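A, B and C label the chains in the order they appear, each numbered from 1.
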Amino acid sequence: MIGNGSHTIGRARWPDRIIWLGLFLILLLMIAPFVWMFVVSLSREVFWTPSGKDWLPGGWSLRNFGDLFSVLPFGRYFFNSAFVAVAVTGANIVFCFLVGYAFARRTFPLKRTAFFSVLAVLMVPAYVLIIPLFILINKLGWYDTYLALIVPFAVNPLGIVLVRQYVSGFPRDLEYAAEVDGAGALRIIFGIIMPICRPVLAVLAIQVFWLNWNSFLFPFIFTDQNVRTLPVALAMFRGYQAVDWPHLFAAASLATVPVIVLFLFFQRHIISGLTAGAVKG
Amino acid sequence: MFDPSWQRGSFIVSLSFNLTVSPTAQYNEPHKVAEIVRELSMRFSKFLFFVSCCFLLAGCSGQKSKPGEKTVEFWQFWTNPNAKAVIENAVAEYEKTHRGVKVKITDLTWNDGHQKIVSAFAAGRPPDLLELGSDWIAEFAAEGVLMDLSAEAVKTQDRFVGWSAAIYNDKCYALPWYLGTRVLFINRKAAETAGLNPEQPPITWGQLLNWTSAMNNFRPSVYGFGANAPEKHRLYKKFLPFLWSNGGRILSEDGNFSDIDSDLAITALEYYVKLVKESFVEKQSVLDDMFVQGRLGMVFSGDWLLKKLRAAHAPPDYSVALVPYPAPGRGAQISFAGGEYLAIPKKAKEPVLALQLARSLRNEKNSTNLCIATGGATPANVAAAANPYFSEDPNRSVFIRQLQSSRTPPPHRKWVYIEQIIEEAIEKAMYEKLTPEEALYEAARKITARLRED
Amino acid sequence: MRKLGWAQGHSTGTFGLLLPWLFTFALFWLYPLAHSAFLSLTDYNPLTGAFRLVGLRHYARLFSDPDFLLALKNTCIFVIGTVPVTTAFALFLALGVNRKLPLRGLFRAGYFVPTLTATVVVALLFVHLYAQGGYLHTLASMLGLAEADRGLLLSEKTALLSVMVMDIWVSAGYYMLLFLAALQQVPQDLYAQAELCGASAWQKLRFVTLPLIKQITLYVVLINTIKSFQIFTEIFVMTQGGPVGATSTVVYFVYREGFEKFRMGYASAGAYVLFFVILLISIVQARFFGFFRRADS
């Protein structure tokens, strides 16, 4: 029996209906601001309530989106965001896997301390380090380069925790068997264990990509114009002279689209991962 | 340094609770899921890569200079497409007359431009030609990173106005280019509806307040006056006209301490606070929007608003007027003047070429075109200002008249800090955290302390 | 014959495997952490290059600096205001979505959308909605919650509250998913048993559901707290510290002092104080959470 929640079919519908209505209203509340954002991005002038008769002064226009590319190097920002996000995701998949595997399967001195270091980085707020990191990045000469946005974030501690947990769940027979067959260490790691870790690596990839795409503080501190990413560009938008709300929201809409697309693509898998545990006897 | 929203990563952790419950039994299931996910993610990355390549190509305007070519690096703040077009035209012309020279334009924004410029100087890698805001010149001149352009200034003295902001220690460090001042915009229809005569705009503070109250009767569809909410680099520009018109000043004669707590200044701030109490308070861009939509009776703004009004869908019938006198026969009509100046860093690699580029950017044709493109009304170039484009339009001629009695903030290398302190004081007085007297007294103290600090 | 025992954890190549983490940890975390501590004891100005050891003077000054104290106060208000509400709201949504109601998938996805978008985007959106003349402001002033002449973000009384409401709106969907995962792990037999005993819906909730999700609840509270203490982006984009500092937070204070006033030593001291506060609270909460876990098994 696949049951979710405490109702079985056939019970009184009344409370259900009210609850459903409530949920629906809340859904509208959640979505409404974004709908509004898209509406404004397609209009010529934004209007402030109450303005009476004319609720879309100037009419519709796709001009805002086109303007974006002439006013700002928007294509460049988009590319920067994409490039950095993909690079960080790729790096994380590889490195978190390696390190997580090491924690799961290898023994070495100070292992507990090392794992504690992973947890510590998770707990300590990153903001504490912006100033020394800024100085470090400058010293390394990485200011306003892709390196500054990729290297410090190439190994996310959460990925390590995750991979470790996942790999620990597997028996070591796999590796024993492979070794008996004569496989070398590299082949074992990449050829056998990594494919098995695909689910967790996939989830890790999605998470890291999304986090990175939306990240603001560090790209803000570490970059200037060359390597600027979308969120920073949006925040700076208001400093430009020609800005008005329709253009700003057009830019924001464009920045949001990839994440929504990503979510729509992978939603079922993300959610099914969540609910998989429920499908059991 | 890992994104603080690591709590989102806990999402993964919770997922792992489900995924790791019995791994051996899940050999097959996760594989299927993983297959699909991996394929999709590969496809998605390819899609994303393709899309971003398209965007990159679309937005790409790379210029690589060939060997043997000289490059002049020019940093500027005109990112508005029409204005940028004028700049690019001017640059193209310049490149035509200077074979073998390429100009590389870098765009800055007002939000972080100051920081960028500071960093560039600190790193010893400044551009060849730099656009500076008028209130930043003293700061960089004091640090000795700007080239002394007094010779050029003396040569072209009569052809340009607005030199005062560029003079530091009796030497000229920048060339005025594009100036701006603030005037009073009036919505004629709103005035008439309130029984006021737009042909006789308010010329004293008292009248300004009366007009505001009269038009306030039509709230919330129309507000009498739009006042600025605390906003960096903007708020102080709206208060200084009142301060100066009343005879107050920020620094003492010798520049060693602050004079902003004089009685004249306190009176000015008291009036300003009273005005703000009756006003619609919001940030500049919102104020501009509201005026364009006819919902503000009056607002202080600059020539960018002219452009916005021109481009608007249904602009109100408006006129502009000079900043009011404090009282009949007392004080003056002094407004805030600022502007863009061109400076050449001492460490510029191509100073001679940079100077020539500056001359070209500031010539009559380009100055006029820049103003036309931005809706600006006050070029620094005198010949340009005499162009009928400016004098024939009643609004623009008011701007030019106002510019003649406008003042720039005292050129001081610590101006950025002084400005912060002034804005804090105005904010505190606006929000009634301190009385105007207390606020200005505190500001004077802080400014003097900052001046002494090194 | 290969040496067996490799699979038993023999350490060949282990160092290589761990290298990425060791490198990242040492260079981008440990070193800056130490450097930050050191900086907080100096008077460093990156522009002038001035550098002078001043000992614990910064820390002393911090606690008599009204700006810092205000930032600390605002941050605490923010945390106390948002964490319980977000947790409760997320739980409520999760319970709702957990039922077999039509369009569940739509609800689940829809509630998640705000969290999905970049903070900057949401912040800009709300600046617009909260401005005088924006929809939310009009709504609020009709309800008497806002001053008619001041945008929500420009009035001292409502600025911080508005940012908090926005934060709750954004985060709820995310925590909802976490709760949902936990709720779906609750074995159905327990519900069946409870029904047999004649339990009402409310009793089922209280005695079956809630105890079993205590763990995840505490977890949610912990991470929400840590995140809330560090709020910066929203403040930077929306209010820049707010009308007379009403929305200044500690991280924003650190940013202002370090990157606008260039007093990096002082800013580092402020950052360290925040670090200790969060560490303390995390430990307290984690112990509570861990303590509970021990008692459970």
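The criterion applied here is as follows: a residue touches a chain if its C-beta (ideal position, glycine included) is under 8 Å from a C-beta of that chain, and two chains touch if they have at least 3 such contacts.
In this text the structure is predicted, and so the values were computed from the model without any measurement.
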Chain located farthest away, centre of subunit A as origin (C-alpha): B
Maximum inter-chain contact count - chain pair: A-C
Cα-centroid distance, subunit A relative to subunit B, in whole angstrom: 34
Inter-centroid spacing, subunit C versus subunit A (mean Cα positions, whole Å): 16
Set of subunit B residues in contact with two or more other chains: 1, 4-6, 8, 10-11, 14-15, 17-18, 220, 286, 290, 295
Multi-partner residues of subunit A (each touching 2 or more other chains): 46, 48, 50, 121, 125-127, 129, 133, 152, 157, 210, 214, 217, 245, 274, 277
Residues of subunit C touching at least two other chains: 28-29, 32, 46, 131-133, 177, 181, 185, 226, 230, 259
Subunit B residues touching subunit A - in the complex, by the definition given at the top: 1-6, 8-24, 27, 29-31, 33-38, 40-41, 44-45, 48-49, 51-61, 77-81, 83, 106-107, 109-113, 116, 119, 220-221, 285-286, 289-290, 292-293, 295, 304, 312-314, 374
Contact set on subunit A toward subunit C in their complex: 1, 3-7, 9, 15-16, 19-20, 22-24, 26-27, 29-31, 33-34, 36-37, 40, 46, 48-50, 95, 98-99, 101-102, 105-108, 114, 117-118, 121, 123-136, 151-152, 154-155, 157, 160, 172, 175-176, 178-180, 182, 185, 188, 210, 213-214, 216-217, 221, 230-232, 234-235, 237, 245, 248-249, 252, 255-256, 259-260, 263, 267, 271, 274-275, 277-278
List of subunit B residues in touch with subunit C within their complex: 1, 4-8, 10-11, 14-15, 17-18, 115, 118, 122, 219-220, 223, 229-230, 232, 279-283, 286, 290, 295, 417, 427-428, 431, 433
Interfacial residue positions of subunit C with respect to subunit B in the complex: 28-29, 32, 46-47, 131-133, 148-151, 154, 156, 174, 177-178, 181-182, 185, 216, 219, 223-224, 226-227, 230, 240, 243-244, 259, 261
Sites on subunit C touched by subunit A in the complex: 2, 4, 6-15, 17-18, 20-22, 24-25, 27-29, 31-33, 35-36, 39, 46, 93, 95-103, 105-114, 116-122, 124-126, 128-129, 131-135, 138, 169, 173, 177, 180-181, 183-185, 188, 191, 201, 204-205, 208-209, 226, 229-230, 232-233, 236-237, 251, 254-255, 258-259, 264, 267-268, 271-272, 274-275, 278-279, 282
